[in-house]
């Protein structure tokens, strides 16, 4: 009754109206889920889980998780990569294994979701559907690289998954999903993924993995309302909130850092030394207060705090409540076509989005664009990026923020990703060539794999604490 | 009652039917405007103006202008450029300033519109909405280059604008247009464009500009019915009438020539020495008679005069009534994909459209394509181009026509545009580097600017008459 | 009553359902045609013909042909080429003449259609509409190259056409098709195509062409149900059955081979030495039996026999009934984006589609991909290609199959195509330069043209039998 449909308007609908409608639509999903879980809980003490879909952001997954004991998700690394048009080089290099940071991002997101109802210690998360072979729904459906199915399972267990399950047991010979591979062939014989599962099971019995995952030093804020906000008002046709957050996530992960994906809510902040929060549409004062009290280094911008909850430009200009942490005003913004980045130096640039900043007297300008405007600012514990950083700039900014936060990082080969969980280190080679990882092994005991890590190989090391 | 809706037909509707419907739709706009202006005039002597939109051609702007005392238009140079896909090189080079010929084209068009009701001497025209910064509606919305807002105002005053107004005074913090910049920031502080206006006001007080504009030596015909005709029947998917006319306009303006944009109506012809009329769908005998009696040099084709008013191929083949001026027949036409131009020589070619011509005995063939067909013809005062000229060919043909008409032209740097109005010369640098314009200043008194004209700079010179 | 509409389903409809609907839709066309021909035959003994459209595959042309005495089709070489996006190089090189293999493919298809009712000896086929100049319906409508109209007519007569007719006699000056050229100009004067017809008529009177065409050594199966099947379930977004069949046709024709296009029905097999059958959706046992009994060499795959008639994966895995001829199982398939072919060697590759094969012990693996999987298999008389071959691989595979079948082939210049019919050899130069064809003339009597064949030239030679 409070929100009319935002369609059939004379011109585009008011963004405030659309945002309210999207909140309403999300709330409907939450309440429908609660309706069902309430019924189940009346008759059963069994834990309740449900599967989310990666990169589906129509409703707020944190809110739905309030009523779930186990957060689970559907992980299709190759299908997701083929659908993603944002980076052609990534698509070419990782065609048979998937984007090296996309599944890890979701593992980190759903680990948080799995902790919402029962707290960090009571948290549980699974992969409900893992890709076992070519699927039937992407534009192209290539076969996973040899070893990929095992590799993906280890990425999940490394991140604290309690369970990895496959869609599906046996490939059907009929109907819409007959071209979706499974553990068994349509005739009931074992398919490749079945044998991969046998290997994983044998390997898992060799040592104890840490379920749920160790909290990281870094929190990266991912906010469903912000996703809706910038879909409603991209201002430049290629502006994607999800892609913006992923840029920062990728830069962090390329430094070998464990990341917690969190909502912009005070209670989500733990002992994080660095909080990264690009593009948050509307900031709550309470969240900013909690961030400040945590003492963490903050990395924010662009667009962070630029609107209020009613989708209006904040009073006295962006970044609104963030000004409590960094004394600057965004007077103007521009979106730019791909052929016209704002160049900073030979390698670094702002791509597609740039903000014009009026810094206060205590703010340091760390970087300037070639056309003479500040691009990177710092004030106290807070760093602000005045635009969408390209890969090199994101790497630089993240390195600076880690340094400020006193977090030790690694220099990884482009194809290598790693994660420490409990006293175990997991190392992954997403690339097409063997990579020498002796430096990361650092003389410690290898549980699985070899220091010269084969393509699509997994290396597990016992860390001495 | 006379024209049914041209939809729900078994296959595509008859082009004659669609044309009649578009005439009807345009007439509805005209009569609705008249309905309102009649009411206003009953109670007020105040002059009536209304704003047109550049490149919006759904109705006949000349016809609506019959009931207006002041023709005004909305000038968004960057927004228009970003929407225009026809020339990537133009888009890249002029991203922050706009196509060097697009706003001038519309100034020249609406100056004519402003003269339709009250005659040349009583004519008035304005820019009703001028872009003050990034807008919110183009695919990408970059910030104007430094100096661009002042620059655009001078382009308008140079062309005889009586007034330049901005959309809008203050950027709203709410609703659909919150990302559209204004003279004031959302918090009421002055934005860049406000300061540009202060500068323009100070500069305008230094001398008297000529309102309305001096009639040019060259008339370029732009016809709304032709725009509709070739939308209805492009015959090649990239054929655009507007873009064809703009090619000739650009070639003229690159020669430093003042151009009047006129409708194909006898009364629109003044003391023009050259009349350029590409692509006019259907020619009136009365217009051709007036053209002939004017003694002007005529530059026509392709497609000029190829249909009658009922959207049928003219009797005894195109160019119909134009044959009165140039004795040739178009037997066949072809549209061609971008990769297959009809080459004339190393630089010149017909692009996308070519006509096969049977010239009469008195017609000279001035140019031949490499595959052996006439490409450029002349007969008496009339020049006919048998296709869509590429940039180099358009430049050549226009130079030849100006020469035939005895009109003095200039050799301008690629980024420079100029306009003489009354005894004042205005010179504009659309480019990224300073350009020495001493030759155009020619030792005369500089009112504003410097002979070495800075990027996005304006140079105003008092001509001794 | 038996098949509901396959729309308004919650997600995509079941492919079995869509296939049944498409069979029903095709059957409706067949029965409507029969309804009319039955009426005509009640009152008339005149032969009945109808025109098919090339590359229109909505209904089964073989089935409609059961009720026709003369199969005819509409041949627009340039319009068809402009619509076809599959090969840019073909499009550029043959812009004014059309794909060298597209019209021949249809001639061979409709020759078969024309024999369905009255048998091979009673078969009749025509070109009902031949393109006479630029048309009005393709994205671009270039003029045919000089000589093209005559050239096309000879391609048809060479393939056994009884008659070539033009659309249309006179170009209308009005309505939707006013830009479609004809034999006469809108004013009634002769257009180019009229003069081409005069020349063809004179040439035809010099010797006797063979109507209907001589059966070829090679049968290439083209199946309308398979076209529907892979439209319903492409599995990779660029998978086209028609294009797959055309690849094999082109490779055959580049070897100077006459090809019969046939349906996958036992009665369609004559004295063919080689039967090529890529991509047939569902194989009938009866067809496989007939193929086996014919003793012909068989070239099959990919996807051949992978489903049963109900659009389910065949029992005990693909290639289903084909396993009777070649002992292998397809366990997995993958579709791949254009940038990621499965490389075999420097020139040869599988493009977009690859199958993983378990060969039986008696099967020879003739080729392997660089990533270690079998790409080409042979067992007895049957050759199986485990993917979509690129041009070079298709050429290789076809050469090997022709060799196995003992069919003599030619090495033709890239622009040359040829056809022997009765005791006459026809040679065509689709290219932009003259080509010396003395080797194909081989000292025999030239009826039309010259051994050094001019661009778009036709050479007719009397073979001594």
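For clarity, chains are labelled A, B and C in written order, and residue numbers in each chain start from 1.
Everything below uses one rule, namely that contacts are C-beta pairs under 8 Å (C-beta built on N, C-alpha and C of every residue); 3 or more make two chains touch, one makes a residue touch a chain.
Keep in mind the model is a prediction, meaning the values are calculated, not measured.
Student: Are the interface residues of subunit B and subunit C largely the same numbers on each copy, more than half shared, or largely different?
Tutor: Counting shared over all numbers used gives less than one half: different.
Student: Would you kindly give the rotation angle relating subunit A to subunit B, two copies of one sequence, based on a CA superposition and rounded to a multiple of 5 degrees?
Tutor: Resulting rotation angle: about 120 degrees.
Student: Centre to centre, by mean C-alpha position, how many angstrom separate subunit B and subunit C?
Tutor: Centre-to-centre distance between subunit B and subunit C: 50 Å.
Student: Multi-chain contacts in subunit B: which residues touch at least two other chains?
Tutor: none
Student: Residues of subunit C touching subunit A in their complex?
Tutor: That would be residues 11-16, 233, 235-237, 310-317, 331-337, 339-340, 352, 354, 356 of subunit C.
Student: Looking at the complex, which residues from subunit B come into contact with subunit A?
Tutor: Within the complex, subunit B contacts subunit A at residues 82, 91-92, 95, 133-134, 136, 139-143, 171, 173-176, 178-179, 181, 185-187, 189, 191-192.
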